[in-house]
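In what follows, subunit A forms one complex with subunit B and a second complex with subunit C.
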Partner chain A sequence: MEPFLTGTAMLFTDPTGLMIFVCGLLGGMLFGAIPGVNMLTLGAVLLPFTITMEPAHAVMLFSVIYCSGVFGGAITAILFNIPGAPENAPTCFDGYPMTMKGQAGKAIGAAVCCSALGGVASACLMMGATGAIANWAVRAFGPQEIFALIFFGLAVSASIGASSLWKGWLSVFAGLLIATVGTDPVGGIPRFDEWNLFGLEYRSYYLSAGIHFIPLILGFFAVSEVLVQATNISRGLRERPKAALEFPTFAEFWRVRFTVLRSICVGFFAGILPGIGATLAAFLGYSQAQRWSRNRDGFGKGEIEGVVASETANNAATGAAMIPLLALGLPGGALTAMIMGIFQIHGMEPGPLIFINSGDLVWITFAAMFWANLLIVILGWIQTKTVVHILRVPFRWLAPGILMLAIIGAFALRNLVIDVWVMFIAGVAAYFMRATGYSPAGIVLGLILGKIGESAFSKSMQLMHYDFTGFLGRPISALLLILGMIAIVSSIMRELRGKGRVHAPAD
Partner chain B sequence: MSTTKHALRISAIAALAFGLSSALPANALEKPAGFGARPLTMIVPFGAGGGSDQLARAMAKAMEEAAGLSFQVVNKPGGGGTAAIPDFMLAPADGYTVLEHIDNAISAYAAGDIRENPASDWIPLCMTQITFSQIYMRADEDRFSDWSSLAEHARANPGEVTMANVGKVGSMELVVTEQLETALGVDFNLIAFDKPAERYAALIGGHVDLLFEQPGDVRNFIDAGQMVPILTFLNDRPSVFADVPTHRDVGADFEPLTRFRGFYVKAGVPDNVAEFLSDACLAGFETTDYQAFNKSKYMHLIDSFRDTEGSKALINEAVATYRAMYEMMGIGQ
Partner chain C sequence: MCASLTPTSMIANFRAFCSMPSDRTETTQSVRLIAFLSNSRKAILEWLAWTAIAGVAFLQIGNFRREIADYAFGADGWPLAICSAIFIGATLQLVVMLLRNRAGMQSQLESAGNSRETDSTPGWPSLQLVAIFMLPFIYLFLMPRLGFFAMTPFFIVALLLLMQVRSFATIALVTLFAYGIALLIFTRLFYVALPVGRIEPFYGINNAIVSLVRAGM
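Presenting the complex of A and B:
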């Protein structure tokens, strides 16, 4: 507690540090909220300037950007179905339907509070037990365990957003299929990059790089939504969503207290593992909430619990991701890799010794992350009261803006125009999928988890000399695989029993 | 009053002019007429934060300082570095688009994965990082303690000792390991990890036994005592790693391949522009900041610079070596 108070005092009594803190907070939120640019863009722009900064300021700045950037993307996800960053994608599933029901204020309010809660909880856990947790996680979780975790994640969430279990699984499998396009994770052998159609040779570098999930997410959510709304307008069906400013009540938060707790655990855990991070945290948090919720059928139709689950989990992953970075020198994602770069620029080595050699720096960073997460509530509250008014703009003015943001987002990923085309194709495909009860969300889930899962699976197989039973010889992976199987079997049983039931359309 | 102001203003202008003129001689390089008026694009074929990205940003800054150029660094990751190539090839040959690339481009060309020959379809401006590889073990490893005990352990348990690396078929990592295995009669189980952090976590977490890497990339783990180098792929021991045997010391007789990173423009860029950029690269390499950067990555241990002609020679030599190796290993075209 004492080093935390010292860190806080050092943060708030140093005017330069305070200014950097506030700028990082606002900058992260802003860059997080605009699709196409994200906190990584901001980080890359700022990186050269950190050379002349004090190391403590530079590290603090990046960790604050990390916290507020992960939250920022929730706003556009909720208002326009455009996730500002991939880790906000599951927030769309229920956040946007809530907006359509005139509960935008509530959805944003829930996102704000839960981001803060997840972030603060994770910051506290981080301060409590950094070294021990990181050591345990890195040793206990090898490729086998990560594959089992992915399998479990897919098994429990296969029916996200689909009208039946079968359509849900088909959607997920389509996503897994798309995930196989690109260079294979073992030998680096390009797949689907050469075709020979009717004697015409075709060679694509684009396909050897793989289909990235960001253009797909933008197409599936933003573009298809514009198409759906356009259809509704032409049929005279569309009602403008009410720009409600209502904040969620305490009772509503109390009702989802277990979801919050579960998402904190899931998010924290996913954040610790190198290479997993906030995106998987959000998806796992969402699917766990759906699995255990009492009104499971309300998910995907504007259930506040869905927003709570995904936003708590992705922010809980931020504090956790700092643990392997500081304690072991292992950056789990691109932004933590930049923080690692800052350490190295200043001639410091993250690792077990950092707490002893640069204790001040570590605690200023911890304090800054704690307060940044707490301040998200205030900033978010102001945002709730202001940005919701954008909904008063008629959709015919809003739609070009949404498409423009989506185009910028798809292009900015790798500066490739073809990504923009992929986005539009995905948008049209999603329009028909939604009309027929298939799930764009399932495809995204399959694609994101498929890439990580394939890589973990191939490493596991190499490590186990291609013997499947090796998975069951390790307790954690065996447990996760068995739980996953149980989830699949029980969902099939439930689907067969409830066969006569009339399903609500997915949209 | 007004005269004081006037005098102040004049002295301010004079100071400014002096500042400018004293700054100018640093830009000793003269830009070719009409070139360099707008920012150049530097394409990095790997993600932000990695070795190539750090190098590109350090070099962009050094060239800004040394030659008055300004750069916009763009990351285009994917396909083991091949995804950025079409964009580079589509850009006009005017010298405004510079590509950073590593020896992967050379091995990809040698294997037939890409069609562009880096030595003739591109103009190498310079190489500014050339480094060697090492094999690392965990500090708390209890089954072996150095190369000779490891080799003994590996011969007793063929195929059981696991080594994490970047597993792209035909890459420098795989070729060097294959040469080592053939020469010493050991058999490692190679595990491909595409992300560096996962690779390092796998060694520290005990999921693999060994790691194949370059010392600059894992410097913090070496300094913190978490990773211990047990073999260096270089003909002579570098001073910093004087206690670590080289592959020649342990009886493997082959010319070790190196990891090299450099900068390219497309063939067809006007000669004077390419020459200017190549000179700018050398000037950037010689700046104090860049030298400090390279030193922090252990790049000062061997000669890390090649100009255009030196780079071409290095590339052609590497292509021939890779092709010969591929023929022996039965991969590629």
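Presenting the complex of A and C:
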């Protein structure tokens, strides 16, 4: 407790540090909430400026951006069905239907409070057990366990957002197939960069680098949403949602207490593992909430529990992601890799010794993450009372701005116009997918986990000398694979009995 | 009658007929047949689409079928498995949909799916709708040639017109706001190198706009 209080005191008594903390908090929320840019954009822009900063300030800034950025993406997911980042995709499933029902304030309020709860719980766990958890995770989780976890995650989350199990799985398979474009993870051989069809030949260096998920996410969610709304407007079907400012009641939060606890556990566990992070955490949190909910059929139609589950889980992953980074020097995602870059810029080496050599830095970072998550409640409450008013603006006025941001966001990623083409093609594809009950979120899940999954599978095969039973020889991977198989079989049985999912994300 | 039928309405009609005492058995049979054919056609079309995707990908896998030292499955093993999974998944979906359809027990799932489909895609799309879908692609084709800064205001105005905004003041204000914010944030603050075109005089115009936006920096 004492180091935490010291870190807090150092944070709040240093005017420069405090200013950086507030800027990071507001910047992360803002960039998370603008479709087309996200916390990674802000991180990439700020990274060069960290050279002149104190190392503690720089690491603290990025940690705070991480916490607030993950929450910020929920706002656009709820208001416009456009997630700010992949980890906010499951928030759309129930957040947007709530907006359409005139409960935007309630949805944002739930997202605010549960993001804060998830983040604070994760920060506390991080402060209490960084060393022990990091050592356990690294020893217990090899490529076999990572592959088994991805299999389990896909097995329980595949049909989320689709109108049937088959459509959910086909969406995920499509995402997995897109993820194979680019170089293979073992030999570095380019795949799908040469096309030879009916005598026509095509070669693209762009495809050698793989299809980035950012233009696809922008297309699947932002562009397709604009197309859907434009279609509704042209047919006179569009109804403007009511801008309600109602905050969730205590009774509503109490009703979902177990969902919150479950999502914290799921999010924290997924966050520790390098490369898995907040996206799978959010999908797993959502699917588990649906599985155990009494109101299972309400999911996808504007059930507050859905928003609570995904937002708690994705923020619970933020603190957990710092554990392997600080204790072992293993970044788990893009933003933690940038933090690793800051350490290197300043000639520091994260690892067990960092707690001894740079205790101040570690505890200022921990304290900043804790307070950032707590302050999300206050700032989020203000946002609930203000941002919701955007709904009063007719969508036809907002559409050009949304498309503009999406175009620039897709282009700025690699300064390639072809990324913008990919975004628009994905947008049109998603329009038809949504109309036929397929899940764009499933494609995103497959796309993000596909590369990690293939890499983990190939390493596992090499380690196990191509003996598939080797997966069952390790307790964690065996357990995850068996649970995944049970999930698949039970969902097929449910589907065949005609009790499958009856919802898809609101269009 | 047939022209206005959708799968949902056909099934509803079918159910309504079923509940009546039956001197209409033949009509019921024909409605049932129409519903069956319509749903079967949809299922088969979806299967064909997925099979085509898996098939095209499968044909391209030959382009990178190379051995990798120390890895028996090579670069093509994983994509091959996914193509097979897509084919199997699509075939299972087809079989389940056809069986359900045949048994005449369309689940709630299908009716929910169909009602959504009919909401969003009834009949032929209007010219306006086609234009909304085409506009981004026309913009993308022209943007690298004529430049982002010269093309974007026209794109915004065209989009607003297609979305039935008719007030001149609204069009002007929204265009100014969206364009202005984009320039201010991305060109002035973040120095994003947006395309300036390669055809004169647009190249010159784009560069002039960039210089103006970054004036004083």
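Operating definition for what follows: the second predicted complex is superposed on the first by the 494 of 507 C-alpha atoms of A that agree within 3 Å, B and C clash if a C-alpha of one lies under 4 Å from a C-alpha of the other, contacts with A are read in each partner's own complex, and residues count from 1 in each chain.
To be clear about the criterion, contacts are C-beta pairs under 8 Å (C-beta built on N, C-alpha and C of every residue); 3 or more make two chains touch, one makes a residue touch a chain.
Computed from a predicted structure; not experimentally measured.
On the superposed subunit A, the two partners subunit B and subunit C both fit, without a clash. When the two structures are aligned on the shared chain, A:L445 is found in touch with neither subunit B nor subunit C. Touching more residues of subunit A than its counterpart among subunit B and subunit C is C. Within the superposed three-chain model, A:I189 lies in touch with subunit B and with subunit C [touch as defined at top].
Residue contacts after overlaying the shared chain place A:Y206 against subunit B, while subunit C stays out of touching range. After superposing the two complexes on chain A, the angle subtended at the C-alpha centre of subunit A by the centres of subunit B and subunit C comes to 100 degrees, rounded to the nearest 10. Of the two partner chains placed around the shared chain by superposition, subunit B and subunit C are both touched by A:Q462.
Residue contacts after overlaying the shared chain place A:N415 against subunit B and subunit C alike. Contacts of A:A85 after superposition on the shared chain: neither subunit B nor subunit C is touched.
Judged by the touch definition given at the top, the superposed model places A:I323 against neither subunit B nor subunit C. Least inter-chain distance for subunit B and subunit C in the combined superposition, rounded to the nearest angstrom, is 6, based on C-alpha atoms.
Shared interface residues of subunit A, touching subunit B in one complex and subunit C in the other, are 186-187, 189-190, 415, 458, 462. Listed in rising order, the residues of subunit A touching subunit C in the complex are 45, 163-164, 166-167, 169-170, 173-174, 176-177, 180, 184, 186-187, 189-192, 194-197, 223, 227-228, 230-231, 233-234, 237, 396-397, 399-401, 403-405, 408, 411-412, 415, 417, 420-421, 424, 427-428, 434-437, 454, 457-458, 461-462, 466, 495-496, 498, 500-504, 507. Subunit C makes touch with subunit A in their complex at residues 46, 50, 53, 56-57, 59-60, 63-64, 66, 68-76, 78-79, 82-83, 85-86, 89-90, 92-93, 96, 100, 105, 107-109, 112-113, 116-117, 119-121, 126, 128-129, 132-133, 136-137, 140, 143-144, 152, 155-156, 159-160, 162-165, 170, 174-175, 177-179, 181-182, 186, 190, 192-195. Residue ranges of subunit A in contact with subunit B, taken from their complex: 40, 43-44, 47-48, 138-139, 141-143, 182-183, 185-190, 205-206, 208-210, 212, 274-275, 324, 328-332, 334, 337-338, 340-341, 343-344, 347, 349-353, 414-416, 455, 458-459, 462-463, 465. Residues 47-50, 54, 57, 61, 73-80, 82-83, 85-87, 113, 159, 162, 166-169, 171, 189-195, 197-198, 200-202, 204-208, 219-221, 223-224, 226, 296 of subunit B are the ones that touch subunit A when the two sit in their complex.
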